[in-house]
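What follows is a set of structures to go through.
In what comes next, subunit A is part of two complexes: it sits with subunit B in the first one and with subunit C in the second one.
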Partner chain A sequence: MRELFPAKQVMGFVFSLILTIAALLVYYLDMSFTAGMTLLLITAFIQAGLQLIVFMHAGETKDKGSIYTNIYFGVFVALVTILGTLLCMIWGYI
Partner chain B sequence: MDFFDRFAIPHPSPVIYASMVAIGLTVIAIIAGLTYFKKWGYLWREWLTTVDHKRIGIMYLISALLMLFRGGVDAIMLRAQLATPEAKLLDAQHYNEIFSTHGVVMILFMAMPFIMALMNFVVPLQIGARDVAFPRLNALSFWLFFMGAMLFNISFVIGGSPDAGWTSYFPLAGNEFSESVGTNYYMIAIQIAGIGTLMTGINFMTTILKMRTPGMTLMKMPMFTWSSLVANVIIVFAFPVLTVALALGTMDRLFGTHFFTTDAGGLDMLWANLFWVWGHPEVYILILPSFGIFSEIISTFAKRNLYGYKSMVWSMVVIAGYSFLVWAHHFFTMGQGALTNSIFSITTMAIAVPTGVKIFNWLFTLYKGKIEITTPMLYAIHFIPLFTIGGVTGVMLAMSAADYQYHNTMFLVAHFHNVIIPGVVYAMLAGLTYYWPKMFGFMLNERIGKWTVWLLSIGFLLAFMPMYITGLDGQARRMYTYSESTGYGPWNMASFIGAGIMAIGFALIVYNIYYSIRYASRDIGSDPWDARTLEWATHTPVPEYNFAISPQVASIEPFWDSKKKGQELFKGSYEKIHMPNNSGIPFIMGCIFFAWGFSFVFGIWVPLILTTIGIFVCMALRSFEIDHGHYISVDEIEETETKLRGAN
Partner chain C sequence: MKIDNSLPLEYSTEENSLKVLGFWIFLGAEIMLFGTLFATYFTLVDRTAGGPDSAELFEIAPVLIETFLLLASSFTIGLGIHAMRLGRKKAMMAFFGITLLLGLGFLSVEIYDFVMYVHEGATIQTSAFTSILFTTLGTHGAHVTLGFFWGLFIILQVKKRGITPQNANKAFIFSLYWHFLDVVWIFIFSFIYLKGMM
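So, the complex of A and B:
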């Protein structure tokens, strides 16, 4: 019976609910912009990772290597695009 | 009547009305022809519903060639207008519409499908697979591209062409300065085609990663497959940015949002930024598969293995990463500070290094080779020096301080044509000539082929070298005329003559196809070039299932080894083969997307809602459909194989 119970999935589900509630706090509590943004970013990244690994089985087949390479590359592109855009349009704009 | 007013052309001319009539007559002629020769059933069964990667490849090829001529006619008109100072052939508005159309058609509807054509036809054969990973998705990709392209192409006769350049910068592209529906066509047609491309990216990435024949490790893949893999990875990461940018632009134009407006909190520069976040990777999506084609051709006709296989692969992987780090070099002059510009200058110059590595690898391959000059090889040999000029001027442009002088002049126009024509267009024409016998069972005429290459190169030099000079002298791009006192006249006349020579070159390709259909020998065997990779181990014509037995691979050049070292490729006996079924849904969905796009362009909401529902119904049908494909029996395979072996 024990091995039939999807403990990992249930835990994952509970954890993702907690993350959602934490993100919702930004709306209900009165936080500064920086604090709110930080909370949103952190919960969003953990949430995405959780979904990919627990519910979309990213690490469970022998394609693990290509799947993770793609994910890392995706994160790289996203970060570069966002930071680069901020650099062009705001930080480095005269 | 008011309802129909919106379809009128805002800025008409007799030529446009004549084209309208010509388009109408062509459509009637095609329908009549198909009916008269009773070809509707054939067309539906063999082509419109096909999921076979080879046939999809050929449909991409035909579309790309058609678009090459559409874009080519635009180019000749532009050059004719500029040939003499103060010419009156086109007015400013028509000039704007034509260069915008020319750019979009050539990059998105000529170069992209040309690459898709070769990728579709060649990659599964090169990796010893029977089809792509998702054959039906592949068909859908094609039909979305095709319908997007057609939607864009009708703009000049229904409602007006886009006129804000292929880059469509805001605020010019906003409602305030572009009132006609032209820019709606831009946003929506490219959106539809772009979704198709994104799906191709996913499809080919999966295919190459998952469907290689036994023994083919990543480092044993042929170079064209490698380049396709890298290009598709870039597609998957770059195209979503375009999708988002186009969606925001569409909302600005049709729903009154303020993403790219100059007022109400909008940021017009953000469009340029997003456009090039996609746009620069896009130029690498075009050039990498082209490099792959040249690698195959150079190694085949230098009669030796490719020099520096590993460094070739690594340089592409590095380019894939770098290509996302350089985009701001397209708007150095937009107002960023020196630090920002310097960062992007350096990343841009760095990208020339892996490109240089590849050039040297080709040279070393040639250096120790026994070179045989065939038409594809002639393209490759012309490509190396011509492309290098383009790379060098690219590095000049990459210096942000100097770019203030070059930016938006003819110098820039010369640069990108200098990389795209010898790089991408030559690669595609070389690939076309090289793979033609595999596709159609006869070769294109070599003599006419070589004439074509020489005409294209001479025409190219004459057309584009003068632009470097007038550009440095200050001739702006996208200006429909100039005064005689500028002294640009003679140079532009030279360009016009060069463009004319190139046009003759392109016309010769058509003549070559016609000539070879009539006179070429059909008895060419399955390996006419004495090539090295798996695609040439198939029969000609390639049977539906490609390989009766999956090949066993132990090296980078398995077919060559099987010919020279007697290595056995096909071990074992025939087994029944599982193949996907044809389906009409991709084509129907494509048609619905066309209607959807058309309603969207004109903001006719009821059909828009209905077609949106139609699209979802198609997807739902697919989800609930039970389709296990079909099997080809051993008897049937034996029969096909004996017949094809006999023919060779």
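So, the complex of A and C:
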């Protein structure tokens, strides 16, 4: 039974629960918008990285380089889309 | 068919390795899809047109239940793949089964949440905010629904044919998809729900 619960994945799960609870602080504590968003950005991106490395085994084969390049490219395009949209639809008019 | 025994079963042929890489490229495209949805959401979040805004609409309890169900399901599918690599067919099927039940629990809470929104007067037609809210959440929910049936068929195939290089490859790719849905949910949880209730 024990070998079905590898320590690495159990620790990964516990850590992801801790990150979720850390993110919840923005709801339960009275924080400024900047502090709250900073905390959310940090916890969300660590959480995503954790899933990718611990659970999705992104780095375990010779295709590691291609996989990471592709993910970075996807994230880059998504961030440019989001920040660019905000720039021309919201931030440019404040 | 050349079988490389130094790698886990799901990578054991060249075709299998390429399928895994191909699925990662698909996930890259999915990141961009959800990127555009988030971009639109952040643009329209304050356009409530007299309808409810995010602070009025969102409630913490259902969101927390959804988050923990999906996090747990991401963990159990990881254990399922681990069991598969040990060649433990029964354990693998049990973990996949638990994963799908957790996924079903997630969907039930999400549907309940949608019904509550509509009762509070926030339908997809109410405002720009509710339109993009339902579109973003709905796109994620539709992915989970698809994943549920996909996973169901994986379990049936493993039950019928056992853990073969082909089935292991399919199961591994399904696990990538499921983990990815959890990653998307983390961003929905953080930047739609928590930001909206902050």
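Some observations on this one:
Here is the rule we go by: the second predicted complex is superposed on the first by the 87 of 94 C-alpha atoms of A that agree within 3 Å, B and C clash if a C-alpha of one lies under 4 Å from a C-alpha of the other, contacts with A are read in each partner's own complex, and residues count from 1 in each chain.
Here, a residue touches a chain if its C-beta (ideal position, glycine included) is under 8 Å from a C-beta of that chain, and two chains touch if they have at least 3 such contacts.
Just so we're clear, the structure is a prediction, and the values are computed from it rather than from any experiment.
Superposition of the two structures on subunit A shows subunit C clashing with subunit B.
Residue contacts after overlaying the shared chain place A:Ile18 against neither subunit B nor subunit C.
Legend: residue contacts after superposition of the two complexes on their common chain; A:Gly74 is shown touching both subunit B and subunit C. Contacts of A:Ala7 after superposition: neither subunit B nor subunit C is touched.
Of the two partner chains placed by the overlay, only subunit C lies in contact with A:Met56; subunit B stays clear of it. By the touch criterion defined above, A:Gly92 reaches subunit B but does not reach subunit C.
In the superposition on chain A, contact of A:Met37 is made with subunit C only, not with subunit B. Comparing subunit B with subunit C, the partner in contact with more residues of subunit A is C. Remark: of the candidate stretches 56-64, 164-172, 218-226 or 254-262 in subunit B, the one overlapping subunit C after superposition on chain A is 254-262. Under the contact criterion defined above, the residues of subunit A that touch both subunit B in one complex and subunit C in the other are 63, 66, 70, 73-74, 77, 81, 84-85, 89.
Contact residues of subunit A toward subunit C in the complex are 3-6, 9, 12-13, 16-17, 20, 23-24, 26-27, 31, 33, 36-37, 40-41, 43-44, 47-48, 51-52, 54-56, 58, 61, 63, 66-67, 70-71, 73-75, 77-79, 81-82, 84-86, 89-90. For subunit C in complex with subunit A, the residues that touch the partner chain are 7, 11, 17, 20-21, 24-25, 27-32, 34-36, 38-40, 42-43, 60, 64, 67-68, 71-72, 74-75, 77-79, 82-83, 86, 88, 91, 175-176, 179-180, 182-183, 186-187, 189-191, 194-195, 197-198. Subunit B contributes residues 209-210, 233, 236-237, 241, 267, 269-270, 273-274, 277, 321, 324-325, 327-328, 331, 334-337, 339-340, 343 to its touches with subunit A in the complex. Of all residues in subunit A, those touching subunit B in their complex are 63, 66, 70, 73-74, 76-77, 80-81, 84-85, 87-89, 91-94.
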